[in-house]
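Here the structure comes first, spelled out in C-alpha cells, and everything after it is commentary.
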Amino acid sequence: MIVRPPQHWFRRLFVWHGSVLPNILFRLSLNFIVSCLAVLCYHWHEDFNVNLTLGPFSLLGVAIAIFLGFRNNASYARFIEARVLWGSLLITTRSLMRQAISLMPHPGGEHRRFAMLLTAFTYALKHHLRHEPMAMELTRLLPAQDKAAVLTSYSPCNRLLQLMGQWLGEQRRRGYLSDIDFQTIDTNLNQLSVILGGCERISNTPIPFAYSLIVHRTVYVFCALLPFALVTDLHYMTPLVSVFISYTFIALDALAEELEDPFGTEANDLPLNAMAHTVESNLRDMINDHTHLARVCPDSHCRLD
Amino acid sequence: MIVRPPQHWFRRLFVWHGSVLPNILFRLSLNFIVSCLAVLCYHWHEDFNVNLTLGPFSLLGVAIAIFLGFRNNASYARFIEARVLWGSLLITTRSLMRQAISLMPHPGGEHRRFAMLLTAFTYALKHHLRHEPMAMELTRLLPAQDKAAVLTSYSPCNRLLQLMGQWLGEQRRRGYLSDIDFQTIDTNLNQLSVILGGCERISNTPIPFAYSLIVHRTVYVFCALLPFALVTDLHYMTPLVSVFISYTFIALDALAEELEDPFGTEANDLPLNAMAHTVESNLRDMINDHTHLARVCPDSHCRLD
Amino acid sequence: MIVRPPQHWFRRLFVWHGSVLPNILFRLSLNFIVSCLAVLCYHWHEDFNVNLTLGPFSLLGVAIAIFLGFRNNASYARFIEARVLWGSLLITTRSLMRQAISLMPHPGGEHRRFAMLLTAFTYALKHHLRHEPMAMELTRLLPAQDKAAVLTSYSPCNRLLQLMGQWLGEQRRRGYLSDIDFQTIDTNLNQLSVILGGCERISNTPIPFAYSLIVHRTVYVFCALLPFALVTDLHYMTPLVSVFISYTFIALDALAEELEDPFGTEANDLPLNAMAHTVESNLRDMINDHTHLARVCPDSHCRLD
Amino acid sequence: MIVRPPQHWFRRLFVWHGSVLPNILFRLSLNFIVSCLAVLCYHWHEDFNVNLTLGPFSLLGVAIAIFLGFRNNASYARFIEARVLWGSLLITTRSLMRQAISLMPHPGGEHRRFAMLLTAFTYALKHHLRHEPMAMELTRLLPAQDKAAVLTSYSPCNRLLQLMGQWLGEQRRRGYLSDIDFQTIDTNLNQLSVILGGCERISNTPIPFAYSLIVHRTVYVFCALLPFALVTDLHYMTPLVSVFISYTFIALDALAEELEDPFGTEANDLPLNAMAHTVESNLRDMINDHTHLARVCPDSHCRLD
Amino acid sequence: MIVRPPQHWFRRLFVWHGSVLPNILFRLSLNFIVSCLAVLCYHWHEDFNVNLTLGPFSLLGVAIAIFLGFRNNASYARFIEARVLWGSLLITTRSLMRQAISLMPHPGGEHRRFAMLLTAFTYALKHHLRHEPMAMELTRLLPAQDKAAVLTSYSPCNRLLQLMGQWLGEQRRRGYLSDIDFQTIDTNLNQLSVILGGCERISNTPIPFAYSLIVHRTVYVFCALLPFALVTDLHYMTPLVSVFISYTFIALDALAEELEDPFGTEANDLPLNAMAHTVESNLRDMINDHTHLARVCPDSHCRLD
C-alpha cells in the first residue's frame, strides 16, 4: 500500500508531494501578486529616485543563511533524536523480552504479563506525546487494577515503568531471578526511563520561540521586497523568478516548522502508529503469540515495516 | 494558563513577543536616527569624494557569518545541554525511586526519606545555579540535622548526594540491600553527580568573553555604517531597509546572549521552577503521596508540564 | 584484485569513475543543449528587455548552499552511521566469541554452535536490509529446527538473537556459566540488538522526502536558467562554463542520493558481502575452523579486507 | 575579587579587554600604515593600469570562511573538551569519595588517605599539563614513600592511579570491600584514567600545523592587500574601514590560537589553579576536614568558584 | 629534539613547512605559467567577444565552499577519531594493567606476561594498519608458541585479544580471579576490541571516492580558469593574486587528502611509532621494569611524549 516517491530525476521535478507545497501555495500566490505589482509600478518608483538593487539582499542573505541554516539543523536534529529514541524503544523492549525469556524459561504466564506491560508502555507513550486519551489501549492490554493505577497517576508512562520494576522485584523475591539477573534486566528498564524522559523533553521544550519569530520575519520581508529588486533587470520575467526564489526559502521555513515537533500528526511527522505496531508484533512473536494484528499503514512516504 | 504563540504564518509576522524585541528597541531607534542622518548628509559626503559602497560590507558579512553563526551555535548548544541535564535529572530521580521501591518493598518510612532527599537535591541544584538562598526549601523537605549539614557544607548539592550514599550504605548494612543492589542504585547516584558537575560547568564557564566582544563590536559597527552604504541606492527608503537588516543581526546577537546563560531568569531561560516541580510531583506520585502541590506556571512560551 | 584509484593529482582530473558521472551524463548533455540554445537566442531575448544577470543566482546560491550542504551532511551521516554499525557488528561478534571461549573452555561443540548463530545473524541482517531471501545462507549455517523458527518469525534477526539468549540461558542452567558470566555476555547481546535496531532505523526512515524534493527542484531550475545568465558575458564560452558549474551541483545532488540509502547495491553503497564475509572468517578463525571461504571481491573502490 | 565584564551593550563596545586586543595592536597599526600608504599612492597605481577591485577578495573570502571557520570550531572544540574533562575530574573524584565513605563507614584514617591520593592526582595532572615541577604539592599531600614512587615514575599521574588501585586491592583483601564493591569503585578509577588520557591527548596533539600556517598566511595577505582594494571607493576613509575589517579577521585568528592550547597560562586558558582548588575543597569537605584553604583567584573573566 | 614551529605571527608567514607547500609547488608553478599566458593573450580574447568576469566564479565558490568544507571536515574527523582511538588504547592498556596488579598482587610472572600481550597488541595494531610485517616485534615480546598462533591467524590483533581472554580465563580457573573480577577486566578487553574495530574501519573505508573526485576537479578547473577572469582588472598583477588564491584552495585540497588516511607515514599522519613506544614505556613502568627503551623521535611538529 506504500506509494514510493518517484526515483527518476525528471519525474521528481513535477511530482505533487502532499506535505509542503500545498501549505505554502497561498503565500506563493501572494508573492506572485506582489511581483506583478512591482512590474506594473516599475516606472513610478524610478521617479522617487529609489533603486532597490540586489546589494542589500545579499547582506540579508547572510543573515538568512545563518538563521535558516541554524533552524533547519536544529529542527532536523530534533526529528532525528525523536526517531532514534523510538528506535531505541524497539531495541530495548526486544532486549528486555529476550532477557526475561532466557533467564526465566518456564514461569507460567509471566512472560505474557511482561510483554503486555511493555506494549502498554509503548502505546501509553504514543498517546502521551500526542495528548490523546489512552484508556482504550490500556483496557486491551492490562488487567483492570493496573489500568486504574496507571490512569490515575501523575505520569502514566512512569507508573508503567514502576509496575515493571515491581514485577521484577516480585520475581526476585520468589527466587526466579538472582540479584545479578535483576541488575541485568534493570539496566534496560533504566534505558526505558531515558527514552521516556527524552521524548518528554523534545515534546515539552520547543526551539526558543524567538528563533522562529526572527527567521519567519526575515524570510517573509525578504520575499516581499525581492520583486522590487529583481524588476530592474528582469522586467516581465520578475514574477517567475521571484516566486521560484521565494519557494525555496518559504518551503524550507515551513518544512523546518513541521519537523520541529516530530510527535504530531502532520505529513512529515514520525509514524508513531506504525512504530508502536512494530513493537507489539515483535513482542508477541517472541512469546509465540500469533494473534493477527491488523496491519497499520504508515503514510505514503514512510517505509517502516 | 499557557499562552501558545500563534501558529499561523501571517499572525506571526506581527506578534509582540516579550523576549527579544523590547530589549533591542532602543538600539534599533538609534539605527533609525543614524539612517535619517545619512539621508540628510547624503549630498555632503559626496563632496568628500568618499563612496561607501556595499563591497566592504560583503567582506564584513563573511566575518559576521563566521562569528555570529559560531556564537549562536555555541550558545544554543549550552542551552540544549542544560536542558538535557535537567531532563536527565527527572529521568534519574525516577529511576532511583523505582529501584528503591522494587528492591525494598516494605521498609517503613525509608521510601519517603529517599524521595525527600532526591527532591531536596533538585531544589538545592536550582537555587545553587540561580545563586539564591535554599534554606526555605530544605526546611520543608529535610529533618533539621540533615539541613544543617547541607547548609554548612562547601557544596550543598554534593553533600546531599553524600547523604544519599550514606543512606544507601546504611540500608546495605541493615541487610535490606545486597552488594549488587547497592551497585545497581549507586550507578544512578553517579549519574546525579554527573548532572551536578555538568550544570556547575555550564554555570561557571561562560563562552570566552573575547568572542562576545568581537561579535558585539563587529555587529554594531556594521549596523552603524550600513545606512551610509545603503543611501546611495535607496535614498528615502534607507531608514526602513537599514533598520530591518540591523534588526536581524542585533536580534541574533541579543538572543545568543540570553541563551548563553540558560540558568538565569530571563525570558528565554530554562523554566527551572516548573521542572523542579515536575520532579517533586513524580516522586510523590511514586510513593503514593497525593499532597496537592500548587501548580507552577512556567513562562508563556514553555510547554513543560 | 582491488583496483585503487589514481593518487596523482593530474591523473585524477581525467579518471573515468564508474559511479556518479555516467548517471548524470544525460542531464549534463541536456544542459549543454540548453546552453547552445541560449547562445543562439542571445539577440532575441535582448529585444524583450530582459537581462538575466547573475544577481538572482547568487541569492539562489544561498538557498542551494543551505539545502545542498544540509542534505549532503545528512546523507553522509547516514552512510557513516551505517558503516559504524557494521563495524560494531564485527567488534561485537568477536567479543562475544572471545568471551564464550574464555569462560567455557571445553564444552564440546557449543563454540561452533554459537559461532554459527552469530554468523547466521550477520547474513540474516544483510539479506534483511537488502530485502533478499535468506533461506539459502541459513540452511548452510543452522540446523533445520532453528532455520524453521527463524524463517517463520516476524523478525528473523531478532529471533536469532532470542536463540542466542536461549542458548546462553541453557549454558547457565547446565552450570557452565555463572550469573555474572551470563551478564558479561548478555551485555554484548544487547549490543547486537542495538546494531539491529540501528540498521532497521536507517533502512526504514529516509531523510524526509520534502528535503530531496526541494533540493532537487532548486538545483535543476538553477542549472536550466544558468546559461541565460552566463551568455551576456561569456558568449561562445557559455556551454563550457555552464556544463562545468552544473556538473558540480548535479553530481553532489546525485551522490547524496546514492549515499542516503547505504544498504543498497549501487556503486557507493556499503560492501555488505565483504563485511559479512569478514565476520564469518574471523569467527571461524577463532574456533580454529580453517574451512577455506571463497574470497569475496568488494567493488573496486572499497579497501575492506 | 572577580571583575565581571560589563553587561550593557554600549559599554561593551569600548571595554578594554585584556586578552586579545593588546596582542594584535601592533599588527593593526601596521595595517593602518599600509592603508595610509595606499591612500598616498592612489594616483600612482592607476597609472600602472591595475585596478585591484573587491572581486578577488570575495573569492578569498570563501577560502577564509572555510579555513577560519574550521579552525575556530576545532580550537573551541579542544577548549570545551578540556573543560569537560576537568569538570569530569571534579565529578569523578566526588563520586569516588562518596562511594568510599558509603561502603566503608569507619575504617580509621583510610578516607583521608584516599582523599589525599585523589587530590594529589588532581595537582599532578595540573602540573603535568603545564610542564611544571610537582614535587612541592606532592610533599604537602603524600607520605614520603608514595611521593618518591610517583616522582621517579615514567608517568606520575598514572602511578598515582596505580597507587589508588593498590589501596583498593588492599581494602578488598582486608575484607572491607567485596568483589562487587571493588568493581563499583574501580569503574570510576577507569574514568580517571580516561580523563588523564584525554588531557594528555589534547596537550600532545595540536591541530595539524599546516592548518594554522595556511589560515595565518591567508588572513595576513588578505589584510595587507585590502587597503589597495578599498582605496578606489573609500579614499580618505580607507584606513578606518581597513583597520576595522582587519581587526575582525586577525582577532579571530589570534583568539583561535589562544584557545587551541587550553592548558596554558594565557588569558583565555582554563583556570586550572581554581579548578584544582575546588576539587581539594570538595574532598576535604566530604571527610569533614575544615582546613582553611587560601582562596585562589581565577583570572578576571572566569566565574568558577 | 623536537623542533617547535615558530610562535611569532610574523615569522610564521615565511616559515618553510615540510608538509604541504613542497607537494603543491609544481601545481602552483603551472598556475603561474597559465597566469602569464592570460596576461599575454589579454588583447586576443577581447576580440572573441568573451568577457570572463568574476560572476560565474562566485557561483563556483558556493559549490567549492560546500565541497571543500565538507571534505575538510570529514577528513579532519577521521584524523581526530583515529587519534582518539589511539589515545583510548593508551588509557585502556593502563587501566587493564592497573586492574591486573590490584586484583592479583603476587602471581609470579603473570603480570609481565599480560604486559607483553598488551604491548604486542599495540605493535601488531600499528603494523597491521601500516601493512608492515610484524614478526620482528612479536619475536621480541611473545613466546614462540603465541607468536606462531598470532602470525598464522586470519586477524593477528584479534588473536592477541583472544590470548588475553584465555589468559584471563585461566587465572579465573586457578582461583586468582572471581567471576566479578573477570567481568571487571573483561569490560576493558571489550574496549580493546572496539579500538581494533574502529581503526580497521577508518583504514578500510575511505571517504567515498566520488567526493574526492568532484572536489578535485572543481578546485583545479577553478584555479585554471581564474587568471582569465582576474586579468581584466589586475593586468600585470594577475600572476601574483592568482597564485595566492590558488595556493589557499589547492593547499586545503592537498591537506585534506593527507589527513584522510591518518595511519600512513606522511608528514601530517599520526606518530604511531611514538605512541606505541609510550604504551610500552607506561606498561613497563607499571610492572617496575626499567629496561631502557630507545627514545623514539616523532616528526618535528608532533609534541607527543
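Lettered A, B, C, D and E in written order, each chain numbered from 1.
Everything below uses one rule, namely that a residue touches a chain if its C-beta (ideal position, glycine included) is under 8 Å from a C-beta of that chain, and two chains touch if they have at least 3 such contacts.
Keep in mind it's a predicted model, so treat the numbers as computed, not measured.
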Notebook entry, point to check: Can you name the chains that touch chain B as well as chain C?
Noted result: A
Margin query: Could you work out how far the Cα centre of chain A sits from that of chain B, in whole Å?
Written below: 24
Check: Counting in whole Å, what is the centre-to-centre distance of chain A and chain D, each centre being its mean C-alpha position?
Finding: 38
Note to self: Show the residues in chain D shared as contacts by 2 or more other chains, in ascending order.
What the structure shows: 58, 64-65, 69, 179-180, 183
Margin query: Using the definition of touching given at the top, classify the network of chains in this structure as line, ring, star, complete or other.
Written below: ring
Item checked: Starting from chain C, with chain E taken as the next chain, the full ring order -> C, E, D, B, A
Note to self: Considering only the defined contacts, which chain D positions touch chain E in the complex?
What the structure shows: 27, 48-53, 55-56, 58-60, 62-67, 69-70, 74, 153-155, 158-159, 161-162, 165-166, 168-169, 173, 179-180, 182-183, 186, 189-190, 193-194, 196-198, 200-201, 203-206, 208-214, 216-218, 220-221, 225, 254
Check: Where on chain D does chain B make contact in their complex?
Finding: 5, 9, 12-13, 15, 17, 19-20, 54, 57-58, 61, 64-65, 68-69, 72-73, 76, 79, 83-84, 87-88, 90-91, 94-95, 98-99, 101-103, 105, 178-181, 183-184, 188, 226, 230, 233-237, 241, 244-245, 247-249, 251-252, 255, 259, 267-268, 281-282, 284-286, 301-305
